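Before anything else, here is the set of structures, which you'll find just below.
Each of the two complexes below includes chain A, the first together with chain B, the second together with chain C.
So, the complex of A and B:
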């Protein structure tokens, strides 16, 4: 087994009246990592962190530190993982001056892929038997500027046959990580009861992907296939796509900003005309119904909210007819 | 034709023409041929290639081989410039397979026909992977006729199934280029103007039996902006080369089994679009003189759906009127459709899943080539930024590595010009060939 864990150390941890303080999370994580280490003797582990302004490796089986003091009551490799991560985190936070710099979660994701790729090329990991996977602990909302890098990493993960699991600890659902988990066959978990974090982790993420087929792991109910537009980085559900380069825009524009293609003026006017005031807010509207549907998903996954969104969206029918005429 | 200046027997320039049976792994065979005579230009590549091979301290050739491999990889990486190109992405391709008696020739193992089918399967899978919005058809050339093997489809399974039924594809008779091209052309005549039309011919024969003048067919193809590419298994034929040049396609002659695959895989990425606003480069006659060169561009309205799970409440789908729970919701009218990409049956919106579009984005925003760390002073980092593996200590590796140059770092370190982080050779390759994003820049 080969597991790479990614921790998101962005400042969202500090927005906390959150029910999950970072220290408590670390305790849960340590227990989970111990369980993972104990599950098999040849299980390999690496932990990356996306800190403000930098990405770094917190722990890796390949660069083993040494234990200063050994506790006779503890299994040494458990204490090694815990103490290495704690030391590196302490060093990191004493180094950090500004917390405001953005965290590059996607950069860390690419790091993890490179790490696994290197392990495969050097023969430390065989994709068939080791089932390499990445577990992302995210606390930040979607960063729409990272849309293209995330998509590229998803396809690379598919090529390497790496499963991406996502655990969203705080904040709203992330569309892109949801797609990442869906497309690589991993699980996406939106944490609801923070006290039960460890239970969630062991039930959902401890078993390797091949075993999950026979277990009842939480399934992903609805996957949002929305994309980020290239012009304003909005997340849109109806976009205008350049037929030459497939760039996505949130509104009709005369010239493609990516490939400099000029679109026929008539067509742009036509599209603009069809985009009447009642229609423009459709992205926000649709996303608000989707957001509203999120809390209900645990008890009745994707059933009730489907009906609600059908009826509570008074503009859906007029919108369609207007577009049909245009 | 340009010939690479240095000699390495691993590097095979794909631009060379000619026919030979030598493989890269058999320097001896190459040597005897090269000494006896040099009738083919491609052999210049291999001239005195043994001179570059030197043993290292332990008497092994491994370091030289590694070095040559690193050089060829770097050359491949450095080749494309880091600028965004206009590429056609909604592609339509007709694959023309030669199924004439010439394909039973055994100069490639197991024979030309078997190898062609095998490589075609790899090509089709890779093509659909990189062109998820593309469509492909397969046409065979057998007994003087064009034969439809698979009609235009966007399903990779259909195409793979049709070319894996070997008993239906037994080679016989003479091929007819004209008949097959006409068939392919008619299959693509209805396509919208913004879609690309391409024909790829895998041609084993040295003859073609045509009912009329093939030059008329070539003219018609050039007029319809159909790009014809040929991979010839036997030798260069004038009509094939002319066909490719007229339609700005690519022409290549296979040198050995590995080269065959390389030639095919070169045709997988979407071609840069011709006839763009800058003066048309190739085949510019009909294309760029047209008053509106950008007539083919379109702004398409597309919707990105929500996928419903198996556990959702069952509802009727609009496409088959079947009661089922899983499906996709049209973002505009919230109708449920079974599969994407498709057009919504209620409101007509084109529904695609965004990963379909995103698969081609790396062609648009390529990562710039990394610079080479050549001097000891430049090497700062302890570990590769991407994979976090420590670099080998400089003192020892500096002695062993033969000097830099040719885009290879003596210390195995490469630096991103934007974020100035250092990367190892493996990660350099992986970032440029697979991920297409620099981890340091996050883009």
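So, the complex of A and C:
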């Protein structure tokens, strides 16, 4: 078995009204990691942290140190995991000066994927039997700028057959991580009660995918599939999709910013004219849902507003010229 | 006056040479070993009281937990942090419908081990197990069950990891080498008395003509992986311990404690029980721990000990790899029955010699071929064709792993055919009935014998048939009655 844990160490932990202090979370996490390590000596573990402005490896079975003294009442490798993580965290916090820098959760996710990829290529991990997994403990809301890298890492995870599990400890649901869990066959948990955190973790995230075939884990019944537009990084309900490269935009544009495809000016004007009041870039994701916007789309027949997932009607695709050739 | 039935009683074909190889036996064993550990049936046969006492040690809980199947482990974990019992329906709600039987079996297994309380109305862990296992995961408690490290002065006198590996390997190979070369006229180093006694008790060796001879079980044992071999011996040791009136809980918890210790660390023996101090000597003979007499207060577990409950190779891998079964493979087998073994290890050579005709020996290479004679020799000593093939598969050279299938099909088939060849003759005790006066007489008696289902062979032309020994009384009586009736 192969598990990579990602900790989100952003400043959201410091929110005063938080029902889950970081110290208490660490205690539960330690017990969870021990439970994972207890299963077998083959259980490979790595822990990454996404700290403000940097990400780093807190613990890895490949580069573990050794304990100077043993506690007769504790299993040595458990103590080693706990003490290594505690040491690294302490060193990290004494180093940190600016807490305001954003945490790059997606950067850490990519790091974790690289770590697993390395383990696979060096033969330390076989995807079929070891069932590599990533477990993300997130406390931050979605960072819409990270939409593209997250989608890319989801695709890499699918290719590597890595399952991504997500536990949103604090704050609102995250659309992107939800999609990550859904698309890789993982499980997404929005923590509601923090008292029995360890029980939640054990029931939901401890079992490897092969056991989940027998003993089910909570899955999402509703997944938010919305995407972020490439131009303003807003999460959109309905957007405009480039018919060449499938880039998503929140408003009609004459030239695709990704593939430089030029759209006819007439079409852009037409689209802008028919633009619905509900899908301006300023719209927040909460105000309009897909269901609410559906009837309004019917009001404007024949226009080419392209839903992210609906560009099947070939007649409504805009004509385009490429690189100036008519 | 006709003497109608002078049945001549000949004791045909005595069964002295009858040895029917137990086909498929090994396959079944291997499958079982994969699905559940050899120790679990032994634990399940123990009383609830014994097991509960064993579960007082966090290290024992951890070790037993590791022997469980993945599903059983998850079930234990799901229940571990709950304070009260839950109803079986609550847990069953999580089970995917068509996997229900797997789940039920897992629950049954856990109840047999008394990890789950035996009840149909509630699902709750054994209190002792729950408390100890929580301690194992979170640390704390005062049991000291993970071993108390020796002080620095004592540690300095002990061995490093490399020396420990060397020690374990040497001890372990001494045992195997003694087994494999018994009866070949060589005089290898003898293992200690305790080991010899255990080998004899476990029927791996038997005392014949005043010398120890390896038995057919012993030959099969040699082809197992070191991990299985070790557990086979330890299981015998546990049975023996019961007879020697050693406290089984002490013995088991010491083994489990060893399995959770760190390789290369020295532990103090001062807080061991009397039973466990006796075990120190026994286990040293197997190479499981290192314990020297001039530093009697402490001991160090070897790799054999620390890998007891894991799937890591129990013997160091490397150039001098001995049993090195799980290290790199070394055998290349060609379609022309030639076999090249890249090894300089006398033990491996000796094991190969069981079923290969060796031709040349070089510094790092042994060349031989599988012949009818050599395989038959192995078959007569009780090794089955499947065992030979599985040994060749597990020890195949990395180069061989590119082949699909791994071993040449012709060779595999031929080994199996040679085994079948051996099974051509079957012998049975019985009586031959001949010299019937008339065809009618013959058929009448034969019909009766058929109704008893004791006929093994018949020949109507010669008017004779062969019946099993156990039917003789009846047939004889039948003939006499009939003769009497005719008179």
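FYI, the second predicted complex is superposed on the first by the 274 of 326 C-alpha atoms of A that agree within 3 Å, B and C clash if a C-alpha of one lies under 4 Å from a C-alpha of the other, contacts with A are read in each partner's own complex, and residues count from 1 in each chain.
Methods note: contacts are C-beta pairs under 8 Å (C-beta built on N, C-alpha and C of every residue); 3 or more make two chains touch, one makes a residue touch a chain.
Source: prediction; values computed, not measured.
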Of the two partner chains, chain B (first) and chain C (second), which one does A:211 touch, if any: first, second, both, or neither? second
I'd like to know which partner A:55 touches here: chain B for first, chain C for second, both or neither. first
If you stack the two complexes on chain A, which partner ends up touching A:223: first (chain B), second (chain C), both, or neither? first
Which holds for A:263: it touches chain B only (first), chain C only (second), both, or neither? first
Kindly classify A:91 by the partners it touches after superposition: chain B alone (first), chain C alone (second), both, or neither? neither
Of the two partner chains, chain B (first) and chain C (second), which one does A:273 touch, if any: first, second, both, or neither? neither
Touching A:78 in the superposition: chain B (first), chain C (second), both, neither? second
Of the two partner chains, chain B (first) and chain C (second), which one does A:193 touch, if any: first, second, both, or neither? neither
Which touches a greater number of chain A residues, chain B or chain C? B
Considering the complex alone, what residue numbers of chain A touch chain C? 30-31, 34-35, 38-42, 69-76, 78-79, 196, 198-199, 202-203, 206-208, 210-211, 213-216
Would you tell me which residues of chain B are touching chain A in their complex? 84, 86-90, 133, 194, 273, 277, 294-313, 315, 328-329, 331-334, 340, 346-349, 353-355, 357-362, 364-365, 383-390, 424, 426-427, 430-431, 434-443
What residues of chain A sit close enough to touch chain B in their complex? 46, 48, 55-57, 60, 62-63, 104, 106-108, 110-111, 113-115, 117-118, 121, 146-149, 151-156, 159-160, 179, 182-183, 219-227, 236-249, 252-253, 256, 258-264, 267-268, 271, 282, 286, 290, 301-304, 306-307, 309-310, 313, 316-317, 319-320, 323-324
Name, in rising order, each residue of chain C that touches chain A in their complex. 58-59, 62, 65-66, 70-71, 73-75, 77-78, 80-82, 94-96, 99, 102-103, 135-149, 260-262, 265, 307, 309-312
